[in-house]
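Note that chain A is present in both complexes that follow, paired respectively with chain B and with chain C.
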Partner chain A sequence: MSESPHIVVRDLRKVYKVHEREAGAAASLKSLFKRKYKEVEAVKGISFTIQPGEIVGFLGPNGAGKTTTLKMLSGLLYPTSGEAKVLGFTPWKREPAYLRQLSYVLGNRSQLAWDIPAMDSFIVNQAIYEIPERQFRETLDELVNLLDLEKLLKKPVRGLSLGERMKCELAASLLHRPNVLFLDEPTLGVDVTMQTRIRQFIAEHNQRYGATVILTSHYMADVTALCKRVLVIHHGSLLYDGDLNQLSERIAPFKQVRLDLETPMEASEFAKYGDVVQIEGAKVTLRFPREQTSQVVSRLLTELSVVDLTVEDPAIEEVIDLVFQKVQA
Partner chain B sequence: MRYWIRVYAAQLKLATAIMFQYRFSVLIWAIWGFVGPLLGLAIWSAATEAKGGSITSARGVTFSQADFAAYFLVFMIVSHLTMSWDAFEFAFRVRDGNLSPRLLKPVLPIHGDIANNFAFKIVTSTMLLPVWALLFYLLKPNIHFSIVNILIAIPAIFLAVLIRYLFQYCLAMFAFWTTRVEAINQLYFTVDGFLAGRIAPLALFPGWLGVIAYYSPFRSMATFPVEIILGRLPAEQFLTGFLYQIFWLGAGVGLFKLLWAGGMKQYSAVGA
Partner chain C sequence: MRYLALFRVFFRTSIQTDMEYRVDFFSRIIASLLALLTTMAGLSIAFTYTSSIKGWSFPQVMVLLSVYYLMDGLIEMFIAPNMRNIMAQVRDGTLDFLLLKPVPVQFLATFRTVNIWRIVNVLVALGLSSYTIGKLSLTVGGVQALTFIVTLAAGCGIIYSFWLILVTLTFWFVRVDNIEQIIWQAFEAGRYPIEIYPVWLRNALTYVVPVAFIITVPAKALTGQIGLSYALVSVCVSAIALLLSSLFWRFGLKFYTGASA
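After this line comes the complex of A and B, so read on.
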């Protein structure tokens, strides 16, 4: 018998009522007596299902509705309408039995006590989540090794760098081995080495404990490294739900070829093969319809003096950008 | 029950560790608590002297200088043990969204806040104990401590701590609806200070004001245990005093539940 999904979302919608007024003293005075409100539909009836142990990337530009959706699923926000079940619970009822199985890492908010070492906050979490001493020590050891926390645990949190703090935040969120993990920009402001470390860690944690993960990030490298499946959201609507690799096939039906030529050529000379994406001396990147791949490649090889040639899918950033451009148009 | 003991013990340790990081500012906050009662004592001492050594209220209650010293010194200690300042911090958390990480935990944020408040009391009371002893020695109050009365006062102080804390927390929760909760809080502090007896003992209040003060929750928040310790309350009034405290505690819990449920809806409607 297959396991039931960890997350089921049906027609979830969130409308914010926002107070609006012009700048200036007169407008300020006017708003004292007559307030103007505007309704902003942040999430427009989205539906999806996530199976146990899946890592799903949640993609979209700023204001797309990613964080609002995660906040509804974590119980921080009441939806305007629709349904959601996470681990069989209705999130916004905020039952302690649900919150014990959940972790939500908010990249810009801290759950750690600022003035004292992170270890003190971990001990409070041990009591709150009723983590048995042995499990607490085991998990802590794992986290210390994987995230290289040894030296950080004794420093006051306020003295840690952004990356170090994020590692401690992750550790605090995972001590109770949550079944569902929401990561909102976990690598925000963190250097490249630390980003890689955090990605590896999330992948390892998911494999070891089978936690279901939803990840939002502005760094596509986070998504490509961790997520097979992505949800693309824009202006509160779900534009795509499926395999990350198929996203480019569906949305961007073209291929790219990177050419290294013996001698440089004019951009206009490539028009008969496809669109020039980039040209830099003897290095050229061309784009053409996916179905013409073999034909274009064989023509390039026979008609030009090619030193090296690589066929590839367009970068995922470009594909996503294309999705948003299409919607805008 | 064992779960809550563990949660509170862990929170208390955390809060105490934070207090020690800011021991100097914590001490200043604690010393601030001296100002009101000592000012009250100075004014009433001067008035007593002008009246020839004692003051008698309309209800026939007499206070000498040493009686005022006893009242304000005991009031100072009880006030310190029951003080609460959560409205400021809570409003700030609601405004900048830092309430959200706390809401993701399986226990309500109020438990951490209560532990924080208790840690403050434990740390600062230990620091202030010699100062209080010195003040008792210097001001020579007219007080005869009775062990029985002190034992009875302990649960009364505990209830007073909870009542004052809950009412303050309820007030703090107005931050869910308004960004100017500090103004409401300031007004509340003034009324609390007056009706709880920070300016004058309730026994000296004129008739109608005395009645209001007697039935208000503020008497249960400080004055009732003070009256027990001073031995100014007839023993037959102890039970009514405790019943009032239980009533106000129930009212505080009810109000907390109501405001929390509404506040959560409001917080999560506008964007947590």
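After this line comes the complex of A and C, so read on.
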């Protein structure tokens, strides 16, 4: 059975008009009456399709256009041109029938009321989304169990730690069982244990309800743990759309070798084998093009006194870094 | 129905929030009594020299004053906290969360919060008005009470619209802190009979910033100076204001999401 895709994006573009102001009092005064605007193309015509139940990682440095894209898909921003259909709806028409099935979690902002316990905000959301009492109780029980919220629900939100607040934030966003979930930096500023917990939770929730998820995160661990597929965006253009595992092969066709030598050597002595990634006494990490792997390894083994040698793919963070450097250059 | 149910939930959570700030309750009582007493003292001095100002007797002015405080209490209870929130939410971007909800943003933004302790002002104002009505030995009949309630509700609609229009400007200018100043300055002018002002100001307060409809008209209704037919005018003005402000709000929202370009 082929279900129709949950998200279809075609040539989506967003140009911002940014108010330009020169320094100095005279210029400031002038800008009070006549403002100069500069156009900034934040998203330059991207296209992709996401199937129901997929968790897709959205990668890119700050200002790449990730949040702008998510805002357009959630109806918060009107695109300059292009099309998008999410669950068959045009997001920026902001039809209630669409908004009922959507959640957008922003790691750096809170939808919970500050002065009251999270539970009261949940009740407000119940009313807003018209969640029937029984379903509300069921979902709430589940979320309380999965996220370990029991003790947090009755405390005013202002008294919670960042991680605790994020858990409540997630719960508030999932009470209406959205079919599409946008997670924008959900683990921002949260400690490692909590990050793992949140990650597990997202995976479990996705399995249980089959919601389609787009996740952006600065922590690669979030992406590698949850996403099979990634979209890499940079300067508003889509650089890569595909399997996370093939990302390094496709855009960064490198291999790395970690060497344990008998005696330390100078960094310059490795130049003929490849680029030095790291050097620490007798431990060296080298990088070279993928197709030269066997050749380089055999030369290393014959020409140097090697104690131990491991061939590996570069870490995904480094691949991403490489991609962005390459584009900038 | 749906909106009423929502408003009930909003109201309940607001009360819970305000219970966290119980001190506010007592400071409210003191503040509102003080404000009332000082204004009354000032007026009673003025009235020792004359028995009426531009056709208003002392008790009638007191009724006007009580309507002023009643309106002030209602604004601070239902309208002002929400309008202040909108300005803050535009600034820090949390207005986005309202846009994500399957409920019209205007409803969600302008009825979300109730500042419950301001009920003190409302009660004090009601007390003052019943006291002065007793002093005037007026009997408030059914029609009169109805006229009063209708004009008061219309007045609420007008001040709500006026404030909504000014708050909508934040979509373009982000920081418009002086908005509240403008509103309160105009509103305070309504503390006295509109007839005491020069013609140009009186016209401004009737047609530009319709303070006359917000305070003077309900007060006149309460003292029997105007009839039910006049209330109709008030309702029309209010309906037009609500419609215009809502249209302007929607236009501003389009700008906010970049749909207007």
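Operating definition for what follows: the second predicted complex is superposed on the first by the 299 of 329 C-alpha atoms of A that agree within 3 Å, B and C clash if a C-alpha of one lies under 4 Å from a C-alpha of the other, contacts with A are read in each partner's own complex, and residues count from 1 in each chain.
The working rule: a residue touches a chain if its C-beta (ideal position, glycine included) is under 8 Å from a C-beta of that chain, and two chains touch if they have at least 3 such contacts.
None of the values given here were measured: they were computed from a predicted structure.
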Simultaneous placement of chain C and chain B on chain A, clash or fit: clash
Contacts of A:L76 with chain B and chain C, given as first, second, both or neither: both
First (chain B), second (chain C), both or neither touched by A:L102: both
Touched partner set for A:F324, first chain B, second chain C, both or neither: neither
Which superposed partner A:Y209 touches (first chain B, second chain C, both, neither): neither
Which superposed partner A:I116 touches (first chain B, second chain C, both, neither): both
Which of chain B and chain C A:W92 touches, first, second, both or neither: both
Partner chain in contact with A:Y219 - chain B first, chain C second, else both or neither: neither
Overlap of the chain B and chain C footprints on chain A, listed as residue numbers: 16-17, 71, 74-78, 92, 94, 96-97, 99-100, 102-104, 106, 109-111, 113, 115-116, 120-121, 123-124, 126-130, 156
For the chain B and chain A complex, residues of the former touching the latter: 3, 6-7, 9-11, 13-14, 17-18, 21-22, 97-98, 100-107, 264-265, 268-272
Chain A-touching residues of chain C, taken from the complex the two chains share: 2, 5-6, 9-10, 13, 16-17, 20, 92-94, 96-97, 99-103, 108, 254, 257-259, 261
For the chain A and chain B complex, residues of the former touching the latter: 16-17, 68, 71, 74-78, 92, 94, 96-97, 99-100, 102-104, 106, 109-111, 113, 115-116, 120-121, 123-124, 126-130, 156
Residues of chain A touching chain C in the complex: 14, 16-17, 71, 74-78, 80, 92, 94, 96-100, 102-104, 106, 109-111, 113, 115-116, 120-121, 123-124, 126-130, 156
